[in-house]
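Would you mind keeping the following structure in view while I ask a few things?
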Amino acid sequence: MSVSIITLIVLGIAVLGFFLGRQRALSLSASSGKRLHSLPGYYGQMVFLFAAVPALLLMTAWLFMQPILIEGRISANIPDSVIPEGGARSLVMADVRRIAGGLDALIADSGMTETALDQMRADETDVRSQLGNVGVALGSDVPVQVFEAAKEYRASSKTGSLLMSIAVLAVCGLFAAWSLLRISPDQRARNVSEGFVLALLVGASLVAILTTVGIVTSLLFETFHFFKLYPAREFFFSTVWNPQFRGGSELGILPLLWGTLYVSFIALLLAVPVGLMIAIYLAEYASKAMRSVAKPAIEVLAGIPTIVYGLFALITVGPFLRDWLAQPMGLGNSSSSVLTAGLVMGIMLIPFVSSLSDDIINAVPQSMRDGSFGLGATKSETIRQVILPAALPGVVGAVLLAASRAIGETMIVVMGAGAAAKLGLNPFEAMTTVTVKIVSQLTGDTEFASPETLVAFALGLTLFVFTLGLNVLALYIVRKYREQYE
Amino acid sequence: ARDQIQIAGSSTVLPYAAIVAEAFGENFDFPTPVVESGGSGAGRKKLCEGVGENTIDIANSSSRIKQSDIDLCASNGVTEIQEVRIGYDGIVFASDINGATFAFTPADWYNALAAKVVKDGVLVDNMNKTWKDVNPDLPDQDILAFIPGTKHGTREVFDEKVIHAGCEATGAEELYKAAGDEKAKGCNALRTDGASIDIDGDYTETLARIDANKNGIGVFGLSFYQNNTDKLVVATMDGVVPSVETIASGEYPVSRPLYFYVKNAHLGVIPGLQEYIEFFVSDEIAGPDGPLSEYGLVSDPELAATQEAVANRTPMGPLN
Amino acid sequence: MTDATANSTGGTPGRNAGSLFDKDPRTRKRNAAETRFRMMGLAAVIFGVLCLVGLLGSIISNGVSAFSQTFIIVDVFLDPAKLDKDGDRDPDKIAKVTTFGYAPLIATAMEQAMEQANISIEGLGKKDAAELVSKEAPAQLRNYVLNNIDEIGETVRFKVLASGRIDGYYKGRVTMASAELDRNVSPAQLQLADQLKAAGLLSTGFNWQFFTAPDASDTRPEAAGLGVAILGSLYMMIIVLVLALPLGVAASVYLEEFAPQNWLTDAIEVNIANLAAVPSIVFGILGLAIFINMAGLPQSAPIVGGLVLTLMTLPTIIIATRAALKAVPPSIRDAALGVGASKMQSVFHHVLPLAAPGILTGTIIGLAQALGETAPLLLIGMVAFVREFPDGPPDGFFDPASALPVQVYNWTQRGDPAFVERASGAIIVLLIFLVCMNALAIVLRRRFERRW
Amino acid sequence: MNDMSRLERTVGTKNIKMECRDCQVYYGDTHAIKDVNVDIEDKTVTAFIGPSGCGKSTFLRCLNRMNDTISVARVEGQFKLDGEDIYDRRVDPVQLRAKVGMVFQKPNPFPKSIYDNVAYGPRIHGLARNKAELDDIVEQALRRGALWNEVKDRLDAPGTGLSGGQQQRLCIARAVATEPEVLLMDEPCSALDPIATAQVEELIDELRQSYSVVIVTHSMQQAARVSQKTAFFHLGNLVEFGETGQIFTNPVDPRTESYITGRIG
Amino acid sequence: MNDMSRLERTVGTKNIKMECRDCQVYYGDTHAIKDVNVDIEDKTVTAFIGPSGCGKSTFLRCLNRMNDTISVARVEGQFKLDGEDIYDRRVDPVQLRAKVGMVFQKPNPFPKSIYDNVAYGPRIHGLARNKAELDDIVEQALRRGALWNEVKDRLDAPGTGLSGGQQQRLCIARAVATEPEVLLMDEPCSALDPIATAQVEELIDELRQSYSVVIVTHSMQQAARVSQKTAFFHLGNLVEFGETGQIFTNPVDPRTESYITGRIG
């Protein structure tokens, strides 16, 4: 039985269990005259969960373990002699798996019988061409031992699947029956099912933690390597970023960090006021029709690939700023500049601020507005002094999200601000950011185990810690100014 | 089980690899290989991650593999690697088609872009503003060069074959060495006042920048230039016009070999792998009249040796 | 006290005791401020819309041409001397003839076509004429022959792609002047194209292949399509939607409604906000380490891409959802609890529906971001040249595939300028994709939106 | 106190402050106010009474155009303040509302500190020249709202953390602080205990010296105590309008009579 | 009516339904309820009276653990329902609240239709087997809440579009529909006109036949009319608790006396 069929059967049993459980709860309550503790549906849900969850968990575990166990056993049986020099057992096992799969196809396509297969021998038949005929390509001819291993693999897998089907269905049935029998009117079915949901919710929020753990661990190892090759003091305190191919690079993070902050700052300087004003206008002033058009339209800005923004910065905004601002003011003649990248990125970030804030502003209860209007406040006074403070936590969340995006953005900076790491104040100069350098060092030509490549990991980890600090600060500030309505 | 070839690595080699993969898919019963880009370094790292189905089979590289990569490979059980040189990549200097034309020497480039230049026998900060300042024969045009960022292998070639050569030619190398800089590292220091701009992106970005700054001069691959002759005018180097022929003959100085590296352990396991590499280096494809050459790859004069090595699955020896 | 009130009324500047119709200076000032504020809002909206219109305008003006394509009609004689030297029609032997062997047939066919249509152009050789036809054509021929072996020896009419430059000529990208300078096309070839067009052998039509064909190499921009990329993006978005939305909402509900107020909750909260600031490429590093190296999932597969993008989108959805949940007034929760609803019921019956608009907004923005992201895919091998179509789901989730932003990214890097138009076309498709995806969310959001 | 207010009733000038003619209000299709004509006199307390849902709040909201904020609401008829049509195009509702203040039926303090809640109106109308003056205004308003003693130590605490009655008094204080010419109060004492109610009633009486006050109440006694004029609404109609004494002792309409002689709350 | 309720007062069984001992509530640092001991009898109406802000709502919310939802609130002491500690770890507050229903001081209808507002409780408690039964329950509840006639034609209209008093009655109907054993009502009649008030009082009297009702009110008359027991709170303390008749005619504590003999609202 295939996995999907088993899943379907388990779900079928679970759904059946749902109805039976509900039915049983109802009839028990009717016969005993006791009121049910929970809605009948909850008893059904409970049976459903008991039937489906353990069985599916078991199946997942089995699917995970079975190949490991079988392969362990079979690969131990393959003699070293058939493993080509420089090759690996795991590759031979890949062949085994491919042949085993091919044999299935062979039986399905060419109508070969199981017995014929049993007698088939690799040194007598041309397995490679036979399998080739059914669309399973092999890299080379098949040694006898490998072919036998493949047959055994196939057999074991089959037995394994059979056992699994039985075990899974048994668990499913047993748990379903047990939970069905356990039903009684005072059983707290709702609590059971809600407890289960709560566990799911907890699990979901753990994903975020696991992601962080994953990120930190995947960065930490290589970062460690980097610091073995390159002095940490230099990395953190040097003001020069100048990687070289043949070593001798100067890899100070400060100019990159500065560029990141500068570009993000300019981007937010555009995105936050504009985004907030859009949110306010759409939530408080605009007609329904306008809102329903403008809001999704502006959201499209968030979906335009950043490469388009990059080209826009490179071709339109950069030269424009250079010709109309930088050169007349004598501030330089670079067409890529912090300002270019910041402004264009700001445009991209507008929907992050506007759409999220708009929803939050819209959620402030009407009675707040009434209270303010009743005192003779104008709409703008109401918005600035009552609604925005009430919506502040959400708005701050939106701004933080926008800031986060700004920090993480690559393409716009590459094309708009250039790739030169510089510590400077002039917004018309080219600069670059941490993220850009992570990408470029990681995807470059340099050898992997050199500090020039590994620095990407150190940059990533440093940025991670840095933004963590900023976020802690933000949380602290939001906590302090948080206001709850009603 | 995986049944298509997985290739990763250099974005310089990518177009050639894609041409071959496409033709391979059309003419063989094997599926078309998947060719990732992501940089030579990353490709070699992936190649060396180990042996097995979820590791790649071939790494494209625009520079030669490094000892540290080989060590990494060895430590992950990847002991046999085939090195296949597919040809040469010419590196050209080009500017806007409507602008002036240039005839450069490496010394011009050194004097234009280096941080310090020789003046009256001593090294001084580079104050040259226009190309004319650098060399009276060049047009009176502001110096603005778009050169590959430090992530690119092209930059290495540029540093070595243009800047360093210029350093030597202008006598700056001597001065550096005299000042105690054994390897004349100072030669590679470029000015940071905006006359030289690093491009971390690709040639299309350089082209777009020249579009936005008409007096900029960019560094391109030969094939890229050949596809955009209506927008760019190419400069000569030491009086030689870059072309497939002048590069193959060695007249034009700025070029570099391109490679791919094959994980021998996957030969015979990944269907079509052997066929693919043989197809790649066959005369039909990589020869002087093949599609690769037509697209701008400089065909390797020693292709026959490569073909033989591939047929014999000869693993590469230690780096010399 | 009354007196004090009266005094302060009289004494306060700017207090209007007069007609409603005359505005005192202060009111006028406040009204001006109001108007200014309102205008600022309107200006902001207009600015946003203008940016959008500008960007869309440039994308569309660059990209619409990708949706049409020039074709050439040729009658090719399937020469047995070339295709089946032995004449025994053995499929295996015929299959040995590579596409290189088919190219001369097309050259000959072009020559004959010119003869028949009485076209002769000075300085135009046989090879030059053949260059009008895409390099994709031999493959098309070979496929046809292998499927119709008995037609060898006959003359078959093919509608083949014109080469990129010829196609560009009819889209205004290539002109006679530029052809002078272009080493890939000559004015003579363009003249030939014009004459073929006059003879009805060259035509321009809607480019269905753009949606169905896979990517093509740099030498055949005219054959490059988005088929694999569309499938790959679709698969990834399915995975992202199915995983990120429930996970994100569940996590937010837990954190906002159930989690005890303690340092652990704070840690999770900060942590999620921080994840939003992690550069997307770092998610790629994570994906490579966890999903490919540890879990052993295949390279270049939508499943890995989907998982990585899910992790990347989660913070956005969680932050938006939490903000929306926070905005639901506590009295609603009280009301539900007061009639004996459990916390879970109050959340799922009342709070979540009221927070739905915010949740949907977060989802829209998160998905938009995920749909357009390239950097994380770089490390898990999806930024690749992929020509094989993935299978149908769920098996196809594990097959190599590309994605729309990857295709855009790849095409913008190609040397041949014809790819610029393709890239813009791909962006248009991506945006259409996005709009379709959002339309549903927007409709839902409008249904849930209400003030209380 | 009762006697006193009776006495004063005759003292007030009989200037008409607000004049409403043929007023109609619709909520979508529901006709919530039908043909109402009411004159609100200056320096007078007018009470609106009537069964729940009869349209008192709706009508009250017409008087300072608060219905503008309800999208489904449509108002017709003539409303004049000092002889000027308040629904005239030229009228700025903001200016109107500064003159015609309002206390809402459901207490709706802002999510700000108690101080900021009260200082909000004076700030936007520029009633204080400096911080000291503002402090003074806030204190006076809170005193008049009979809340000062309870909150003087926690002016920085959020207004939303107060008890129901405290919130209601806060809203009264907030409205009083802006010194409107007409004060509309929608059941200002519904959540108040007798003592606080008495204080608010005293405040109303005090306000009447200079302004005009309209109060919606369900308590007949309260109407009788504080108002000089009473309007009785029923199902959207104004059934009877006249001197409070007359309405309570000698109603013309049988509906009025049956309402006020019903059980008394 | 007054006489009647006096009469019935002696009829009720004297079972103790809820027992509260040494109760303390803190909001952060504020000590809002101090050492309160109250027994709530079955089939009895208990009235909580006291000045605004004295802690009536706070104490009421303790009785069905609604204070759990205020993060700064901390409750101490013993609260027993039918002899079982309701703050016990094993107690499911949900089940408790299904038994001890609540009407809040500020009307808080769900932003749903009127029908769904009332049907919500019965739905989650599974009180109706089918649509017809549910319709019936909703109708009965709305009738008992004295709202049926006003809304029967617009059951699908949103509950938030009702007048203040209608919303309050809607919330009463919503609470009644779930048939709690104890019903806590925080000023249920504050926004109601006399007639509606009378109807709600009738309802309370009717509920008393089977359940126990706790009502917070500012109207002494109302307390006297509907309750059998009265508790007087002052500044967080329970000053006096006893038979309503005794409290109103013969209060022991001088504070009680001064409160109930103050001006009557």
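Labels for the chains are A, B, C, D and E, by order of writing; each one numbers its residues from 1.
We adopt the following convention: a contact is a pair of C-beta atoms (placed from the backbone, for glycine too) under 8 Å apart; a residue touches a chain by one contact, two chains touch by 3 or more.
Remember, it's a predicted structure, so these values are computed and weren't measured experimentally.
> Which chains make contact with chain A and with chain B at once?
The shared contacts of chain A and chain B, listed by label, come to C.
> If each hop has to land on a touching chain, what is the smallest number of hops from chain C to chain D?
The least step count works out to 1.
> Which chain has its C-alpha centroid farthest away from the centroid of chain D?
B
> If I superpose the C-alpha trace of chain D onto chain E, what rotation angle comes out, expressed in steps of 5 degrees from 0 to 180?
180
> By C-alpha centroid distance to the whole-protein centroid, which chain wins?
Chain A is the most central one.
> With centres defined as the mean C-alpha position, give me the chain C-chain E separation in Å.
Chain centres of chain C and chain E, defined by C-alpha means, are spaced 59 Å apart.
> Once you find the CA centre of chain B and the CA centre of chain C, what distance in Å lies between them?
31
> Taking each chain's centre as its mean C-alpha position, how far apart are chain A and chain E in Å?
A distance of 49 Å separates the two centres.
> How many Å are there between the centre of chain A and the centre of chain C, using C-alpha atoms for each centre?
Measuring from centre to centre gives 19 Å for this pair.
> Touching at least two other chains at once: which residues of chain D meet that condition?
Those would be 94-96, 98-99, 106, 124-125.
> Give me the residue numbers in chain B that touch at least two other chains, ranges are fine.
Touching at least two other chains: 2, 38, 42, 53.
> Multi-chain contacts in chain A: which residues touch at least two other chains?
190, 311, 365-366, 378, 381, 442-443, 484-486
> Mind giving me all the chain pairs that touch?
In this structure, the chains touch in these pairs: A-B, A-C, A-D, A-E, B-C, C-D, C-E, D-E.
> Given the complex with chain C, which residues does chain A contribute to the contact?
Chain A residues touching chain C: 190, 194, 197-198, 200-205, 207-209, 211-212, 214-215, 217-219, 273-275, 277-278, 280-282, 284-286, 292, 294-309, 311-312, 347, 350-352, 354-356, 358-360, 362-366, 378-381, 383-384, 391, 393-394, 397-398, 400-401, 403-405, 407-408, 410-411, 434-435, 438-439, 442-443, 457, 460, 463-464, 467-468, 470-472, 474-475, 484-486.
> Once bound in the complex, which stretches of chain A touch chain E?
36-40, 188, 190-191
> Can you name the residues of chain D that touch chain C in the complex?
For this pair, the touching residues of chain D are 81-82, 84, 86, 88, 90-92, 94-96, 98-99, 124-127, 129, 137, 140, 179, 181, 206, 209-210.
> Going by the contact rule at the top, pick out the chain D residues touching chain E in the complex.
1, 27, 49-53, 57-58, 72, 105-107, 150, 161-166, 169, 186-187, 189-198, 218-222, 259, 262-265
> Taking the complex as given, what residues does chain C use to touch chain D?
Residues 1-2, 4-6, 8-9, 12-17, 19-21, 23, 26-27, 30-31, 34.
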